[in-house]
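Chains here go by letter, A, B, C and D, matching the order in which they are written, and residues are numbered from 1 within each.
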Amino acid sequence: MYNQLRQEVLQANKALKKHELIIFSWGNVSGIDRENGVFAIKPSGVAYDELTADKIVIVDLDGNVVDGELKPSSDTATHLELYQHFENIGGICHTHSTYATMWAQAQKEIPCYGTTHADHYYGTIPVTNSMDEESIASDYEKNTGTYIINRFKNIEPLDMPAVLVANHGPFTWGESARAAVKNAVVLEEVAEMALGSKLINPNLKSIDRNLLDKHFLRKHGKNAYYGQD
Amino acid sequence: MYNQLRQEVLQANKALKKHELIIFSWGNVSGIDRENGVFAIKPSGVAYDELTADKIVIVDLDGNVVDGELKPSSDTATHLELYQHFENIGGICHTHSTYATMWAQAQKEIPCYGTTHADHYYGTIPVTNSMDEESIASDYEKNTGTYIINRFKNIEPLDMPAVLVANHGPFTWGESARAAVKNAVVLEEVAEMALGSKLINPNLKSIDRNLLDKHFLRKHGKNAYYGQD
Amino acid sequence: MYNQLRQEVLQANKALKKHELIIFSWGNVSGIDRENGVFAIKPSGVAYDELTADKIVIVDLDGNVVDGELKPSSDTATHLELYQHFENIGGICHTHSTYATMWAQAQKEIPCYGTTHADHYYGTIPVTNSMDEESIASDYEKNTGTYIINRFKNIEPLDMPAVLVANHGPFTWGESARAAVKNAVVLEEVAEMALGSKLINPNLKSIDRNLLDKHFLRKHGKNAYYGQD
Amino acid sequence: MYNQLRQEVLQANKALKKHELIIFSWGNVSGIDRENGVFAIKPSGVAYDELTADKIVIVDLDGNVVDGELKPSSDTATHLELYQHFENIGGICHTHSTYATMWAQAQKEIPCYGTTHADHYYGTIPVTNSMDEESIASDYEKNTGTYIINRFKNIEPLDMPAVLVANHGPFTWGESARAAVKNAVVLEEVAEMALGSKLINPNLKSIDRNLLDKHFLRKHGKNAYYGQD
């Protein structure tokens, strides 16, 4: 019944390994079927080489496993929180990819230093606040989602499909599980470029608003003209 | 009719992936047939793995597609502008390769710190000015070309087959599409080395003129003695 | 008789190459059979491609070779010292992996900058003191172990399965040879991330104790809930 | 007649590509047969994939090609100069490997920051002086060798089988062509580690003399005890 969703989420998880964003069993990707009110997610602690479609876990929007033998990712409550509040996203990806994690650990937003960034993220990539003791002590994974949502109060999730969780690492999302992974790959590239640009020119500022608009809107929205569509 | 040109441009585009200068559908390479007044270029938004010769688009020097089913690269107008003004170049390559883009984003020229650089680029690798609001608002891609040409007023394009477009990334060129890609590979290497040298010795200056001359002219021009020719 | 132990240690050594932690014959992994009072270790100076199970050397806890034709690793006395004092470890791994060695050479501990680190190491990764002249002059490899043990006076080895030997490189350990290698892979990743985070934010401090506790204890000890067990 | 020498030098050149020290036709390795007074060297400008034993050029100690159809490496005169003055070396390797070239461009010696370095190079890796105008203008490649030799007046070549040519890149050597390549691989690793250690601890000094002696002499000379010999 959930076969197609499982396949999509399996392929998206496998793509994390292909793009060298993860090692061992780190990271996780999910995809949602909003019509049926369920999402599919990687099982906890399973290595990517051993991942098969039947191991993907199906979870409903109350957080209950409705299909699958294994425990879902330990980050499932974060995914759930994001699906409930970001109503137009279709997939979520979490990694500890090297350069994005450097910025998350440093608790520094990634300024938009160039068009590679502007093509995909509509401005500065935000960092969440550091979590307080109480939020860590109980419902930690759910609260991780809450901190993300609070940071996005004035940001449209599909205009900024990435966040750096302070002291932790990136979450990305998109219209599908596959798009979420693509945004994770681009984020890693953008994070590496931003570190290098900062080392070359420590006083560097974000690009001008009109160049940001030009590039983001060249690829997104009703006036987009990139690609074959 | 354009079969050979398409094959050359296909192979040059595929080489971008082999040399790990691009991910997804980023970047584009073109090659020109000056006799017939057309150039061949990568289609917009097509992944490199799916690229075949028949998908390469043929464009004339008024910017019209004269053969091919797909839309040409969104950067086609930049290529056209360069072909019109740099009359002895045969191919153009645009990437967002990591280290070259770091320098472009930082809006810093790459000084000639050593002979790897001097073997291929006859001096400091220039950066364009940041584009003004009007140039971004209309004919953005054509104007990108114009900014490059303005920066090259006193520079011979084949002596300096690379430029960093400010806030964006590198364009390279050469006598053929293949040579343009080779210059993109070397630029990426030179950009990485330059960042490292600057970190080791923040006060580093360009090499002396006579060492620059020796290395560039050892490989280029009528007294060249490198290689088998 | 030692066939299974040799196989485990062989696979663990081969994994060093797969994870690109070593070049040539650098590094070595061992695993102990505490019941029989022996450990198996890589032979000295043998390249990983040429390593086979029968070349793995069996050493007793007095440091004598009890089975095998080859000389054991030149670091055998360090392994022996650690097995004698860290009674609950089952395997040891030594590499000169690039980023971990940068920190060891710099004689700087790796602060816990994020949850990737906290998931695996319960706090700051320690550096040994630099060895004094006498400790270098005689029994150098045994004394390397002694310096590690002295540094761990108030640290539980399985809570902190890694150390940076000053001016040298990392040793890691775990419940098995395989776990020791996994800790070496994670250490290298954590060391790279820490350098990047420090470059982005030179004033960065370790994460709070409660976040450290949350992540380490989520994966270790009786209340762990990560994975399928 | 020169078949074995050609094979050794071919394999050593191919190893440069395997170890990712070169791109395109950059770099060159040679090996000498002192009994017959000839050395074998890579031809100029030939890509590594196209290199075969019969393309390797045989040169005598007056610099004349004595066997082979192709022009020898443009750096042949440098190799010749080194063979004439470093009488116990059997092979030479020149690359523009990324990290070693960063240091050469920065005109900074690589201090001995740790045991990885000390295992292979007996102290600080030297940089030549920058070449003067006259030395560049005529016999440039021969003079490159002379600058190296002048820098080694008080250094035993096999104790320090590497040099950084200022503004240019590394030359390494050893008892054979293969050993010269191994020293180039290790140098690249050491150069990368040194940059990282310097970034982590800008005030870092070389290791103490007794640790340097311990590690270098553990692997070299009559009291060596590393490996199976």
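Note that in this section contacts are C-beta pairs under 8 Å (C-beta built on N, C-alpha and C of every residue); 3 or more make two chains touch, one makes a residue touch a chain.
The structure displayed is predicted, hence computed values, not measured ones.
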Magnitude of the superposing rotation for chain B and chain C (Cα, nearest 5°): 180
Interface sides of chain A and chain C: same vs different residues, half threshold: different
Centre-to-centre distance between chain D and chain A (centres being mean Cα positions), rounded to whole Å: 46
Mean-CA-position distance for chain D and chain C (Å): 33
Residues of chain B touching at least two other chains: 198-199
Set of all touching chain pairs, with the criterion as stated earlier: A-B, A-C, B-D, C-D
In the complex, chain A residues that touch chain C: 23-26, 43-46, 70-71, 74, 96, 98-99, 101-108, 130-131, 133, 136-137, 140, 167-169, 195, 198-199
Touch list for chain A against partner chain B, complex: 113-116, 182, 185-186, 189, 192-194, 196-201, 204, 207-208, 210-211, 214, 218, 225-228
